[in-house]
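Same chain, two partners: subunit A is paired with subunit B first, then with subunit C.
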Partner chain A sequence: MRRGLDLWMLAAALLAAGALGFPLSAGDLPLSWFDVPAAAVYVALFAALCAWLAGGRAQGLVLGAILSVAAVLGVAVALHLLYDAGAGGQARLGFWLFVFAIWAAVWRGIAAIGSFRSLNRGRQRGVDLLVPLAFGLWLVFLWEAVTVGFGVPQVLLPTPSMIAARFAGSLDILAADFNQTFVKAVISGYIMGCGSGFLVSILVDRVPFLKRGLLPLGNLVSALPIVGIAPIMVMWFGFDWQSKAAVVVIMTFFPMLVNTVSGLAAAGALERELMRSYGAGYWQTLFKLRLPAAMPFIFNALKINSTLALIGAIVAEFFGTPIVGMGFRISTEVGRMNVDMVWAEIVMAALAGSAFYGAMALCERGVTFWHPSYRQRH
Partner chain B sequence: MTPLPLQSEPTAPPEPAAGDGRRVVQARDLTLTFQTADGPVYALSNIDLDIEQGDFVSFIGPSGCGKTTLLRAIADLEHLSGGTLTVNGVSPHQARLNRDYGYVFQAPALYPWRSIERNVTLPLEIMGVPRAERRERARTYLDLVNLAGFEKKFPWQLSGGMQQRASIARALCFDPALLLMDEPFGALDEIVRDHLNEQLLQLWSKTGKTVVFVTHSIPEAVFLSTKIVVMSPRPGRIIDVIPTDFPRDRNLDMRETPAFLEVAHRVREGLRAGHSYDD
Partner chain C sequence: MTTDALAAPGSRPGWLSRLFAGRGGPIAVVVLAILTLWYAGAVYLNAPGMIDAFEREKRAWSTAELIEGTWSQDRPLLPAPHQVLVEMKKTILDKPITSKRSLVFHAWVTLSSTLLGFAIGTGLGIVLAVGIVHVRTLEKSLMPWIISSQTIPILAIAPMVVVVLGAIGLRGLVPKAIISTYLCFFPVTIGMVKGLRSPDLLQMDLMRTYNASRWQTFWKLRWPSSLPFLFTSLKVAVAISLVGAIVGELPTGAQAGLGARLLAGSYYGQTIQIWSALLTAAALAAAMVGLVGLTERFVLRRMGARP
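And now, the complex of A and B:
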């Protein structure tokens, strides 16, 4: 066990103890720690716990677990102060010092969890997931504390709790938008764009003059601004999802083309000569050597495109759409000052985009397990 | 010291080979020039060479002497600029399409996405051998190179020596009569190298294949070969062809015998004589 003074815990203890010396809020009904004795007792206990831990009495997961419990309770106390005790809108130094104290404890706790090492792969992966989860939850709390504590107008930035409430209350609308934008436009456009990019790259590879003739042209298309393309696609393919899928095709085609073309050149000279020594034909060499060797590049394009496709479809919906869809909802709800609904759509877009990307990354890990970047984990 | 019958004229044809077997490789006045931005590079010049069936022939020489280029020309991986070359009685191109030879590269060149077994069966897949027979042959040849039990492993899970043995199994599995090996053990440490040399000799006497072997190690060349071709750079040419008459079943202790050292000495003299051309 490592000995010595734990500076993060010391900071947490000092901040929590210091918080008790300052008022919680200003305004018509100023709040001090004497008005909320239970909270004051918790803050004192928190400071004492952190001071005790500063001596290095717990390490690793044990420290992480203790600090998680302490931080969760601390967050609950802070939220209670904001909402029930009335510190919201005019929070003062006493409150913020306490938030900083929890911050220091969370920081140290995440570091403690992050330093966990196990030879058991499942256990290691589980703990590795905890770190971004804890960090994300902490950021959400910080967002809530800042928006409520300073009384930020909800048109500027709604609190996470409002967004969550709106999200839960509008599941039917969100589902319809998701279906329109993601399932119809993004998925079909993605499949067509990536598929055609892949096939054209094989063609480009097979017919040398195309590499000089078509690649610069493709480069030109990829440089076209999406806000220029989208209205034209709406004119060509109508208001429904087909025009959005067309925008997605244009956005995803080129990354796939370029990546696959360079992937097809990735197989080494010896590996090619080996095929040649067997008298293998073009297609045998393609399927047994060059495509497998190109897989890391192809998956790179699939991952880039998974996020590009969603952005493309949402932006395209700003230029004409039936009265459903994530982009449509965002543009109209902004006009109606329903910013919480906009944020709910943003949350859904983020979730869908990350899930899409994650699915691609999982496929990649399965297919290119042999690549040096994944090998060590086998 | 034995007087050395060095061929001072690189254009002179080599002595007729003592073997009575079929001629597997025949080169006459072979020339190979690379056109580069800095002008032509004469990689091979006036090469005359005969390799009989069942021979174990080593090409030895300093880097840049064209030994690998000559091997690649036999494998139709390089195009000749002049002269004639036949492999199994046909052009190298036809021999390649006939799958007359197995080629072992300096690096194992195993495909990392294929298991060892599927790497070994790769040529069989290309040749359209049915699946059951492919597996059977993979087992046979992996056994031959002492890699039984590693079928399901991936190349990057094996040591360098094991990888190179797998690549030898891959070159053997479609049973070519000719095995072309380009410094196959060059990247391995000496202990592994000695061990693989012994295994290669056993394999050679078991299968009766013709082996053409590129090396820059004198003991390796003398230990393995029935015929040593000493080459010299700029332009790449043959300066001596040394037959050895050691028995087929050799062991590493042989390297201490006077006969062995005598041949090694002649190879070294040949290399030195070739080198003095530059000075």
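And now, the complex of A and C:
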């Protein structure tokens, strides 16, 4: 790390100091820093702190901690300016310069925390988790500041706080949708699709003829827009969750097939010969050597499929559904311009998708702990 | 030729075994099996409706008539392959391209937004990857979000993007292209980050001993060695970009595009129309992935990779 003048901190100090020279908002009741003395004092202190830090007084985690506290207070001040002082909708240069100043400080703080190195794995992992978390929180604040500050119409992009309020306020609807789409359609379709893909791949692996005939087709199919099959499935299996599960089965089948077949070929020749020298039969070789060796590939398919399954079920609901379900809610609330409800539903889908993916990743870590990618990094 | 091969066995393997040793024979057999299953499925699924129709007309029917009937219904549950092909010929070849009933017209609408989104998404993905590889803080803070955003069913917000952008006056090509962009920049970013990091330590050290600048290292080492990764990602991206464009057409009130054809078909129970739109979309996807594959082979060969 280069010692000396810290350019990011210098930028933050200059931006914060500059912010004090400009009005906060325009409109009928223009707001200047003189109307909000407490905030002005904080901004001045912030600028002074950044200028002090620009000399390289603190490094690493200490700098990160100082900047985190300063940034959290800065965000609180900015939100106060937006909501309580009435800068929302008409925010001007003074406010935005202040936001940029916090941004510079946050960026420097993240860099400072991110450069932390420890031999203690738990501590390192905690810090590695902290960095994207801080960045994500900052993005949420930026979203809030931009939408409120510029007065973006709610139809175009609701603020995160509105989405959160709507999410908390309609938990019962969200739970019903989650049950319909995720628990009924996605889980059952996922199990059937992945299970049948797995079984067929073992058959394909046993029969070289199928391997040469079916596998190229499987590769082709995974590039096709399978979601389009949704209207047909709705026609065949009715409006309820069965048709969505059918779409999920078809979408998850081919990735599982292709991945498992290439996974079954992953065991090395040396290991196979060892099994043969032990006198192991086909099934013994399969269960003791080839399936364990295929596990990284199988989990790859399981992870890909966890996202595909949710997409398939939601899109299939656009083609007809009973009056419950995540896809149904999204398409009807969009029609009624209730965009905050749509976003709440998306947050829900994101949480469900990430949790599903995370569960698969955890299982993978437990099952394929021997794989090189889980050994000590670098 | 074939009789010669059969007449002189032993000298070299017969044409049949040669065919089946490769991929062509097995693929042909599997495709034939799928077609057979398709026809059988059409009989199985459409028979109840056909029997009803016969009984309404109060006429006696034979099995041959029943099978014949299930393959030529107007709105079958499962149209037979030849019905779909006839419909595709009618809407692709026989209609003028500018007609709203021409499938070429709808395919072009979808294709144009797919390609626009694909181009923007690829550019964005490459820029992001370059940033992530070169700026440490960006890697630490942005990369986990890019990966976890893969787990989010992004396609679900497609209708919202279209409707919301439509509300502020953006219609037609752009909203769908935005969805395609959003979908296809993830695989490109992930693949490119991997690719730009693929030069090993020895090669990087060599560049350092040459006193190469970052810029030179990028153009002479990182970029060329990332190209195989780029093309692998591009194949995924172009396929997913088409899916994005199709799903983006679902909520626009069924105006134009393959997705609109799907939706209109499902509203009016026009199964043959759904299947022909679906097969056209599949052909489009296969053609685009194939094109990317050809470009890959051409580019890599020019770079001196082993064919």
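Brief remarks follow.
One rule holds in what follows: the second predicted complex is superposed on the first by the 362 of 378 C-alpha atoms of A that agree within 3 Å, B and C clash if a C-alpha of one lies under 4 Å from a C-alpha of the other, contacts with A are read in each partner's own complex, and residues count from 1 in each chain.
The rule is short, and it goes like this: a contact is a pair of C-beta atoms (placed from the backbone, for glycine too) under 8 Å apart; a residue touches a chain by one contact, two chains touch by 3 or more.
What you see is a predicted model; the values in this text were computed from it and never measured.
In this overlay on subunit A, subunit B fits alongside subunit C without clashing. In the superposition on chain A, contact of A:292 is made with subunit B only, not with subunit C. A simple residue count on subunit A separates subunit B from subunit C, and the partner touching more is C. Of the two partner chains placed around the shared chain by superposition, subunit B is the only one that A:268 touches, whereas subunit C remains out of contact.
With both structures placed on the common chain, the touch criterion links A:276 to subunit B but leaves subunit C unconnected. Judged by the touch definition given at the top, the superposed model places A:319 against subunit C, while subunit B stays out of reach.
In the superposed pair of complexes, A:29 makes contact with neither subunit B nor subunit C. When both complexes are overlaid on chain A, the residue A:346 reaches subunit C alone and has no touch with subunit B. Shared-chain residue A:284: touches subunit B; no touch with subunit C. By the touch criterion defined above, A:135 lies against subunit C but remains apart from subunit B after alignment on the C-alpha atoms of chain A. Fitting both structures onto chain A leaves subunit B and subunit C with a minimum C-alpha separation of 15 Å. In the superposition on chain A, no residue of subunit A contacts both subunit B and subunit C. Interface of subunit A with subunit C (complex): residues 107, 110-111, 114-115, 128, 131-132, 134-136, 155-157, 209-210, 212-214, 216-217, 220, 223-225, 227-229, 231-232, 234-236, 306-307, 310-311, 314-315, 318-320, 326-327, 330-331, 334-335, 337, 339, 342, 345-346, 349-350, 353-354, 356-358.
Chain contact summary for the complex, subunit A toward subunit B: residues 268, 270-271, 273-280, 284, 288-289, 292, 295, 368-372, 375, 378.
Partner subunit A is touched in their complex by these residues of subunit B: 75, 77, 96-99, 101-103, 105-107, 109, 111-113, 122-123, 125-127, 154, 156-157.
Subunit C meets subunit A in the complex at residues 20, 22-23, 25-31, 45, 77, 136-137, 140-145, 148, 150-157, 159-160, 163-164, 167-168, 235, 239, 242-243, 246-247, 250-251, 258-259, 262-263, 265-266, 269, 271, 274-275, 277-278, 281-282, 285-286, 289.
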